[in-house]
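Note that chain A is present in both complexes that follow, paired respectively with chain B and with chain C.
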Partner chain A sequence: MSVMTFLLRTRGTRRLHWTDVLCYLYLSLGVVVMFAPVLWLVMSSLKSEAALAQFPPTFLPYTQKSIIVPGNDKPLPLFSVTTDDGQHKVMAQVSRIGIMATLVDPAAPETRVKVNINQREPINELNFAWNNFKDLFDKFTFGTYLWNSVFITVVATALTLLFNSMAAFALSKYQFKGQKTVFLLIIATLMIPPTIILVPVFLVINQVGLLNSLWGVILPAVATPTGVFLLRQYMLTIPDELLEAARMDHASEWRIYWRIVLPLSAPALAVLAIFSVMWRWNDFLLPLIVLSKNESFTLQLALNSFQGELNTQWHYLLAMTVITLLPITLVFAFLQRHITTGIASAGVK
Partner chain B sequence: MSNNITLQQQILDQQVKLVATLELRSLQKTFDRTRVIHDASLTVEHGEFVVFVGPSGCGKSTLLRLIAGLDTLTGGSVLIDGQEVNAISAADRGCAMVFQSYALYPHMTVYANMAFGLENAKVPRADIDRKVNEAATMLRLDHLLQRRPTQLSGGQRQRVAIGRAIVRNPKIFLFDEPLSNLDAELRVSMRTELRDMHHRLGATMIYVTHDQVEAMTMADKIVVLREGRIEQIGTPEALYKRPCNMFVAGFIGSPRMNLIPASALASSVAMARVLPPNTEHVGVRPEHWSLCEPGQGVSITIRASEYLGAQRLIHAELPDHTRVELLINDDIELTPGSVNAIKAEALHIHAFDANGHRIEETVA
Partner chain C sequence: MTLLAFLFNLLEPAFRLGQRLLGLKRLGWLFVAPNLLVIGVFCLVPIVINVLYATTGGVNLLPSQRTFTGLENFQILFECRDYSDISTCRKDVFWRAIFNTLQFSVIQVALMVFFALLTALVLNRKIIGRGFWRGVFFYPVLLSPVVVALIWKWLLQRNGVFNATLIAFDWQPIEWLTQARPAFFWTVFVSIWAHMGFYTLILLAGLQAIPRDLYEAAAMDRASPWRTLMRVTLPLLMPNLVVVLVLAAIRAIQIFDEVFVLTGGGPGSATTFIVQFIYQTGFAEQIHLYGLAAAASLALAAFLVLLTLAQLRLTRADEMGAKGR
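For the complex of A and B:
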């Protein structure tokens, strides 16, 4: 109820104000622009290979009906044929040469009819090709890719939260010489595009022997300037008196960090966690250079490898893309409130 | 570690009466080349309730934080039980502090707030439970233990903050303006509660406030501070009766003492006390004036009268327009504009020299 009243709010109390009309038009346009491609992707991922190749494309996943006719090994596609005398007949197509198709009446398999292809219309039915998804797990080592991606995302996010919050704690709650300098240096690294340091990073990973290891993807990007900045700004708002009270309460510095500062930074940590999950899950470049063996591929790399030079199995590619999108969508759906409040309170975009 | 153990023993053994004395030896504190505490020296006996009072920015909170060990000193030393604690961390000094903002951990329940210090000292679970419950009963918080600080009223938060200090059986309690966030009524009742608690625990307490009424009503000993210097140390009575300088004279007592330039009192004959020749200012508290026959005292012109209930606060002027205030019984009515005469007993007339220092009455 409250959702509906929220969605249908208007400016005027009785009649629609012209700004309401404008507003809803604009918002609807936004919804279409934002959601149409995603919706198209989801629908397409449920199409069979043949349906994908169909032109003009359909929104819903239609496939042609087929029927097993005695005397033929394979199921034959069904057509609605307009006979010369204007009658409509359902027939199965045996073969087609040029503009002439050979059809057969399923009821009377013996008599074959030759018809101009313009005289027949395919009979379509709604058919969701769930096999696209099923096959991913059966035919390919999709499970491995998924596990690699999940492992990297979860472990890297946990490490990012831990290390960034420790750095932020020190930078926000301790007074020491060079504190500002250190902070500025960390922030300054934001100005270096990751592509520029890609080669040195690769060399280091190679030297350390982490090539083709998931840790080679996790470790280089654990400390992020954005994360340190975001958490530091938030931690500055935690009153020092709380820390002093804890110190008077005989708490060690680690305990102050773990029991006081960390729980109180939860909103900022949530934001960083969401960011980190997105970064890691969508990351392509770093895994691409670090992971070269098929069994250590992440989903993003696997997606890339599906796009072959000569042919692309679009139906699998699309299904995989949908699965790849799911976690981020879920994260957003459930943590949206935290994101907005967290971003607002952390004072960053 | 050894400190940990001694703390534990203290907590476990409640029978032992804690003896804690505090001594400050020419304490100094400088922030960025600004000196905020100049040479503060002070001795606090065991079980004393000492109040640091002074206008805002006088360094009283800083002094408290230096004692607690939250700030490092620039010079001098702090001694607790005769032992220098300059190098000992805040946690190990055996002090407990109640902050102005209470500084309760917002994400923990009342119980967890109070138990946190004991957990850190590695006190066994059962003992923590017992001590927290004892303190909660004493502070009437027992039904609130599972609440969060945000679900409590100001007075309740205040009591949790005090409870958090009590459970650790500290040697010295430090209070940093603990009542300033409460409403007037609650403040008065908390004042008596704190006094009661002090009697019950018999612990040494140091209390910082800017409110001289709080200081007067609660303290065994008041330390008046101004601009980082201790102006006077003494019992409330001593400070009231014999302020050592004009600042203390003006700060202690409400309404403020009248500080009248000696020159304004044209005829010192009118005063009951023979003023020393180097008197620059004469101080008389409003409540110590009494009306008298014209010619026997100082003549004043009434300007305004405030009705306070049992008393009236009269604003008046001396012949040379120096303002004076006097408190008189409410049954006397003085119409603005009328001319009257007032006098004060010799005992209540304070003389201050050019530097603002008190000139003691020479025993004739």
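For the complex of A and C:
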């Protein structure tokens, strides 16, 4: 009950209005709709192949208990059998023909009993199939996909921060001819969705010999107009006197850039870094056309090609999906406030 | 940190030289050069080449090996024997993709803006744990389109949890993703599920910027909550609503990733949208028809430009309206 009183408490002395109740109902429904599908995916990824095949599906990963009975090669599944006199007995099933099943008592393997299948209930136990995750690395080239994704994300983010901050520095701290044009040109690319220049970008990447190379995904992505804009607006607030003082001390312009302006822009850089990690980790269309060889696949591409196979091995696919959403979820859990305020202020995604 | 310092120091001589040669006045160019180079090579040049592709035919990738065909690609795309019947068009999939995209965009944007607004209004009330609730609605925005599609594909598959629920209530299971109507519904639903949090956030920021005293004044005048919403909140939120509307429309028209993984454009071409058409003609099919794909993307670009102009118009009209008030 204390939970309820906590939830129903409102700020101040205001009493709970019926509209408040409605709001909390809506929000709770939102939690279910937004989180339940993800939770279901995570729970499913912990099921073994056999548990996934069970219908109707259960929330927790149950599998049937089994036992090794002397005289049988394979472990036999365990059942709880209701005998004719109403007693329950734990027995292992040897075989099943039609509606009749042959079972043995594990304690006395010699005596076999035939019962109707309606008289037996499988004995389930909680069994987390961590092997799904382990197998990804052992059986597949999953490590390569993971590495490709991490490499692209890290390198592209580093380059994005460097290139964008350099441009932002020039656009906020210098006055040079054509500065306005450059700024407008960069911002104008915001208007050009990557989808409509797909074919020529493919040609350019092909011509510079970056097809099937991770750099072919990294380089086109590093000059984000959003990043330049975000950083420029932030750097404008850094007082020019600081730069003048450094010039008095004969610091070179490059030194001023990376010793003074960059450290002072750390908050904006952090926001851009979060965005960039998100963008690059989740990228799909550009990698899809640039990377066509299996060994250069990113996680997203691997997921896509894996799910397209005729016999989708869901237990592996689910585990792979969970690993793919894990980093983003961690970033979100720790940096939620930065992300949401960053987006609210910049209006970008 | 020392490694970082080392790397930055490596670049120092180059910039010292640049500073000596260019002087302080033109040094800015050196700083914007890398960014400009990337934008030029991967964005500006492609825009020009796109026109080249759209006006040439053949299957060669190199523009120099392609033959000039003028507007033929556009003719192929738009030609129909009978314009009242899509199946008589030369590229009927293109027309279907256009209609699907329009239908999808109208429904999805309307529902998305409605629910984003509703959620933002709820989150803007005095509620406990606002940060948590906001985070809940925002979380799917961060997930990759492929992951989003797989999450829902798993729920909607034949033996998935949705059908299990139906059977538990003694109803017939439904093929959610291999029948045209349910598949279309789920593409709309899943894309709203994945992106709503972003628009909610923008609207919430707009709501929080509305001055408190206006609400106090409305309360003084004993305005009903409904009247306050219609006469105070919504008019003041209009600029944000327009931004959300246009952003959502531009994104909806370019829908690709989630749907591609969720339904693959099927069944048939029931959920094939325009970007998928471009991708398939240019890259996925046996013969890569780059010219046709480029022509289709130019058509798409023209449409998006129109939308952006409409946005500018709307926002400007709105600003003038605000001044007039």
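Definition applied: the second predicted complex is superposed on the first by the 295 of 349 C-alpha atoms of A that agree within 3 Å, B and C clash if a C-alpha of one lies under 4 Å from a C-alpha of the other, contacts with A are read in each partner's own complex, and residues count from 1 in each chain.
As a convention for this text, a residue touches a chain if its C-beta (ideal position, glycine included) is under 8 Å from a C-beta of that chain, and two chains touch if they have at least 3 such contacts.
If you're wondering where the values come from, they're calculated on a predicted model, not measured in any experiment.
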State whether A:E241 touches chain B only (first), chain C only (second), both chains, or neither. first
In the three-chain superposition, say which chain, chain B or chain C, touches more residues of chain A. C
Is A:L219 touching anything from chain B or chain C once the two structures are fitted on A? First, second, both or neither. second
Touched partner set for A:W314, first chain B, second chain C, both or neither: second
For A:A251, select first, second, both or neither according to whether it touches chain B, chain C, the two together, or no partner. first
When the two structures are overlaid on chain A, which partner does A:P70 contact: first (chain B), second (chain C), both, or neither? neither
Go through the superposed model and pick first if A:W281 touches only chain B, second if only chain C, both, or neither. second
Touch check for A:F332: first (chain B), second (chain C), both, or neither? second
Intersected contact list for chain A, partners chain B and chain C 252, 255
In the complex, chain A residues that touch chain C: 7, 9-12, 14, 19-20, 23-24, 26-27, 30-31, 33-35, 37-38, 40-41, 44, 53, 55-57, 162-164, 166-167, 169-171, 174-179, 182, 185-186, 189, 191-193, 195-204, 206, 208, 219-220, 222-223, 225, 228, 252-255, 257-258, 278, 281-282, 284-285, 288-289, 300, 303-304, 307-308, 314, 317-318, 321, 324-325, 328-329, 331-332, 336-337, 339-340, 343-345, 347, 349
Residues of chain A touching chain B in the complex: 239, 241-242, 244-252, 255, 259-260, 263-264
Residues of chain C touching chain A in their complex? 8, 11-12, 15-16, 19, 24-32, 34-36, 38-39, 41-50, 52-53, 61-63, 118-119, 122, 125-128, 131, 133-147, 150-155, 159-161, 164, 167-168, 193, 197-198, 201-202, 204-205, 225, 243, 250, 254, 256-257, 260-261, 264, 275, 278-279, 282-283, 290, 293-294, 297-298, 300-301, 304-305, 308
For a test of understanding, state which residues of chain B touch chain A in their complex under the given definition. 4, 7, 68, 70, 89-92, 95-97, 99-101, 103-107, 116-117, 120-121, 164, 168
